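Both complexes shown next keep subunit A, but they swap its partner, so subunit B is in the first and subunit C is in the second.
Entry: the complex of A and B
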């Protein structure tokens, strides 16, 4: 039996890697994608274009503007002279925000009146707007503290001292790169498994497979082996690069990581083979891949937290293997999570794997008879 | 073929025939129709309802080493906020255990001398904030919300104490922020239009990525080329049916955005139709190009899966700000046509007709569409020779 399965697995590898274009897609593209997406995917903003409408022009106003320019987050793209220019630069997206310093700014400051500065922000991208606003708030707070200490004013009666655990500088790349690892592994497993049967159907070789002595479960295992091997190998390479090239910390244990990877691969392969068994043409298989892939990534907590989703969507994410794998990867990378603390992620993955593989086997038998 | 009109064989008639044939094939395997209509509905429903960057009820542990009136007032200000659901922890180690077990996202800790320092002018009372920083973006937003709650507590306290000017003294400069186009920062208003661009990238490429490869594989393309059909006619015959399907999917998506998700639409409809048509051409053209380069359906499927969704998701400015990416990567994003369409959609939906934004982005899409279709034409002719 195993001889037959191994022969089939070797044939699968050959079919996948024979064509140079498909060899490149399977072997080369995950590395390119890791490089590109790891640099692209960050919520930390830099070079936010800001326009300044400084009606005061005094020393204090200059100092405030200098704080914005020197922070590294903002780039002064225009000095505005007229009120009407505000709408012009914002509408045309020349600047994401306009800082207006009124003519009485310095006079108010020196007489201990509240000196108000106005900030107009382009809310088209609400997330960018919220992050940029939080930077501006921090800058103003720093300016205030500096002003109070240098002018012997009464300091605020309380201060906040913040510490962030697991990611002290709040670098969003540390959060995003483990997520990219999960996404790239999912994609490669899906292309290897979900298209495999449909390809044979299109080329007419599936019928030939049926007249061989291979039983459905043997075909299933033979088609699962390349997905597992390629997924495991590429996952290892990607994780190696994430830690060594992108300096994401790795606090946990390799063994825990590989248990998680193994369980995740089984569940992803199960889903891929289910799609494969259901599709009669390649186009249907591709449709199936996207109908699974896109929701699986979006509802995984990769970029938007699951906790922000409405309750029924949160319940829906319980059947998404990516949800558990994201927690496992981030836990192992950043928090040094142990096997015990991740148990509640491992057993749902194992369960999803069992159910989908059993369903795929049933579908195979059903299709063949 | 003996019908007199067929013998005359005008170009339009041949194109009509090709389109008819393509529609018949679409009807035979309805997965194309599913791609055009089912995919946007499912994805928009999941995204529109499911995805939000607006945090609510953030679980928060509140620890006061010496509970008193001051700490109760601060707790109340967090308890009343929709952003938090605070839980009182008996001591700091318990709260830290909650943080490690992900039961809470942050800890607000008031040391035992908090109230004493609050009432002496010389030393500020430290509020200790511990945040789980794994999700750095959410951690930053949580930090901002906690700071806002703390500030309103300070303001209320100063007012109650009757200090006329104490607040002004505490805050020399106040920031009055106004957010245009989306004052409540509803993330749905920006996610849904962006998602339309991502979905249309998928639809456009998926519809055409396999069509030419299928003809290669079955040998029908060569059979077609020995007839009097010209390459241009062939391309038009391939594009028109899928263009019609894609525009149908686009209409459905926009209708859902406006009527189901309540995203405001302030621009002109004709500009939306024009730019959507152009964007769809870039996506269809890309699919066609993939199909011709790949020459077999399996490779075409692989390339389509890899080059459509993730680049449109990550490199288009849909979620991640392009301006914050390194320079070489920003240059790479110029090749992603979704980046132009997302800016156009955000502007048409939330701002209105802004020529300074619309025209450059429209021209960029036009260039990409022309590139893909011209490249497909060249490639197909070379392959056949």
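Entry: the complex of A and C
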């Protein structure tokens, strides 16, 4: 039995590596994606275009404007003279934010009354807006503290001093790159496993395979081995690059990480083979992969926290292997999580792997009829 | 043979020095290589050659769908490269897989093509009527195109192509996979178009016997023109060189193999009760103890084979070394002689009955043929026998078991060669052989012995590191057969193994099959070439899921014997059987 499975696995590797196109899909595209995603996918904003409507023009107002301009986060793109211009710059997306300083700003400050400034922000991209707003709040809070101390006013009773653990500078790359490991591994494994049977069906070689003494379960194992090996290799390369090229800290143990990777690969292969068993043509398989990949990534906590999702969707993420692997990756990379602390991620992954592989095997047998 | 036609204004097509290649060097293939030809107006021209000869490429160049690398194409006096739209507006082109919309009815398909071709509304009713009468589809206007038979689909495709009457009609293999009755009907339509409407028709075909239906034949091989002439002119010089041999005792295929060895015999094939031989020039038939010779009229295939022989004198098929004996020869007599038994086998797909209560049995060492057009149910029957598809009802056993439910080990006794040669195209010849051998559990010294055997027997050594997808069609066929034989099966299943390969490869193929059968391998084969039925020991002819006739080739031919046609061919017999439906056959011995 093992001789036949090995023969099939060798053939699968040969088929993948001898074809220049699939060679590129396996080797070239994940590296390109890693580079593009790592540089492009960041939550950090810089040079946010801001327009300033300074009705005051006094020293204090100038100081506040200077704080915005000098922060590095904002870039003054327009000085507005009329109220009606506010809508114009926001609508045209010339500025993301308009800072309005009222005519009584400095007078209020000097008479120790609350001085208000207005921030109008383009909320079309709510994520960006929220981040820009928090930058602006920080700047204004700094301005307040500075004004208070330099004018011998009473300082606020308590001051928040923030320390971010695990990611002291809150660099979003540290958060995103471990997630990319999961995404790229998933994509490659899906492509290798889900499309292989469909391609054979289309070329007519699948029948040829079925008339050999290879049993369905042997075909399944033979098809799973290349997916597992390539997924593991690809994952290792990306992790190496994450640590060495992107300077993401690696605090945990490699062994723990590889246990997680192995379990994740099993569940991904199970899903890939299920798609394989159901699809009769390559096109159907591609569609199947697509239908799975998009929700799997969105509902994984890669970009948006699962805790923010409605309860029903949160329950749905429990069957998504990506969800657990995301936690494992970030835990091991940034926190140095131990095997024990990740137990509750490992067992659901193992369960999903078991169920999907068993289902794939069942579908395989029954689709043949 | 060169064209004796002179270029003039009455040429429908004039081609000069045409070249077209595909792919990048060094893997580039010359699909059309220095082709020059003239097609006179108002004739039926056959473009004849095996798959890969360049027929489709040449047609697409004529229709302005491809740009030539060099040379010029004039169609109806217009330069195709300069003005493809004018040409396309005045010709009709029916590609091999005509774009019928299967979810539309016959009438809706016609209307769609009339819309696409911009046929004026006023002309439509008359034109539809004319086309439907001509194609005999008048009664089926409301039927979905997807539910028509293969022959009816081709006729509907033709009707759609003709919806705006063209002056030149290009038909790319309109008769492939179509049953003989529909083939004859298609030819009748073609003649009618030429005679009554003065159309010029250029059609390509891989069936050599169709050459005789054409006014002129252009013979294409590996991108080059071997000749252009009337069919009679091709065979003229063969008069007195074609004979039939018959012996009272023994199998025809043994006589054929024997005669093939003779130095004065260029070609020997089974033709009805006779073994047809083509002699070298000036030779007379060799002495044949207890046999008789009879002169036969030469036919087009003889001429083609002769030309191909001239082309590849260097590379003759390998000598007749004995093909591997089946591994358990000594115990053969202990096994039951009935190897395949099928009783009331039925397969339904929804409401459609693909195979309807079919029964037959195959003895050990027999070559058993399953004949019929596309959609007759032969592939479905075949897949059930191989265990790829469960039966809806009925019983079947192959080597004593139903392969669909039997243990995987039982499958090791059969070899299977799929339609279209299912090979891993990006794997090399050697990798394909190794994979299939290992999948059947071959290893060590046994494996290397079989690999060496396959390379030698099928003459694949030269290609051992070539990707199987890049092989010429004939070698793909050889490799597929080698893969199916690596584990020395007792039973060999061959699904349309010869479709598209050239006549020489077909002969080499049948030589191997005959030797395997002599060694006790049981062979089950499907084909839509009626002449190949003659190689079978016994066969069944299927149509619409039922068995129309069963028995030896001679017995089936005898069923169609009439006073008017005392010596019907297998094709005549098929047509007679299908047009005069008798009671479908039940079980046969």
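Keep in mind that, in the parts below, the second predicted complex is superposed on the first by the 367 of 369 C-alpha atoms of A that agree within 3 Å, B and C clash if a C-alpha of one lies under 4 Å from a C-alpha of the other, contacts with A are read in each partner's own complex, and residues count from 1 in each chain.
Here is the rule we go by: a contact is a pair of C-beta atoms (placed from the backbone, for glycine too) under 8 Å apart; a residue touches a chain by one contact, two chains touch by 3 or more.
Quantities reported herein were computed from a predicted structural model and do not represent experimental measurements.
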{"item": "First (subunit B), second (subunit C), both or neither touched by A:160", "value": "first"}
{"item": "Which superposed partner A:79 touches (first subunit B, second subunit C, both, neither)", "value": "neither"}
{"item": "First, second, both or neither for A:205, with subunit B first and subunit C second", "value": "second"}
{"item": "Contacts of A:330 with subunit B and subunit C, given as first, second, both or neither", "value": "first"}
{"item": "Touched partner set for A:10, first subunit B, second subunit C, both or neither", "value": "second"}
{"item": "Greater subunit A contact set [subunit C / subunit B]", "value": "B"}
{"item": "First (subunit B), second (subunit C), both or neither touched by A:168", "value": "first"}
{"item": "Which superposed partner A:19 touches (first subunit B, second subunit C, both, neither)", "value": "both"}
{"item": "Subunit B versus subunit C as contact partner of A:338, first or second or both or neither", "value": "neither"}
{"item": "Common interface residues of subunit A - those touching subunit B in one complex and subunit C in the other", "value": "19"}
{"item": "For the subunit A and subunit C complex, residues of the former touching the latter", "value": "3-4, 6-8, 10-11, 14-15, 18-19, 203-215, 368-369"}
{"item": "Of subunit A, residues touching subunit B in the complex", "value": "19, 21-22, 25-26, 29, 33, 36-37, 39-49, 64, 90-93, 109, 112-131, 133-134, 136-137, 140, 143-144, 147-148, 153-168, 170-172, 174-175, 183, 187, 190-191, 195, 199, 202, 281-287, 289-291, 293-295, 297-299, 303-305, 307-310, 313, 316, 330, 334-335, 341"}
{"item": "In the complex, subunit C residues that touch subunit A", "value": "383, 386-390, 403, 408-409, 411-412, 414, 416, 418-420, 422-428, 431, 434-436, 438-441, 443, 467, 483, 493"}
{"item": "Contact footprint of subunit A on subunit B as seen in their complex", "value": "29, 31-32, 34-35, 38-39, 42-43, 46-47, 49-56, 58, 99-101, 114, 117-119, 121, 124-141, 143-144, 146-147, 150, 154, 157, 165-183, 185-187, 189-190, 202, 206, 209-210, 217, 293-294, 296-299, 301-306, 309-310, 313-315, 317, 319-321, 323-326, 329, 332-333, 343, 346-347, 350-351, 354, 356-357"}
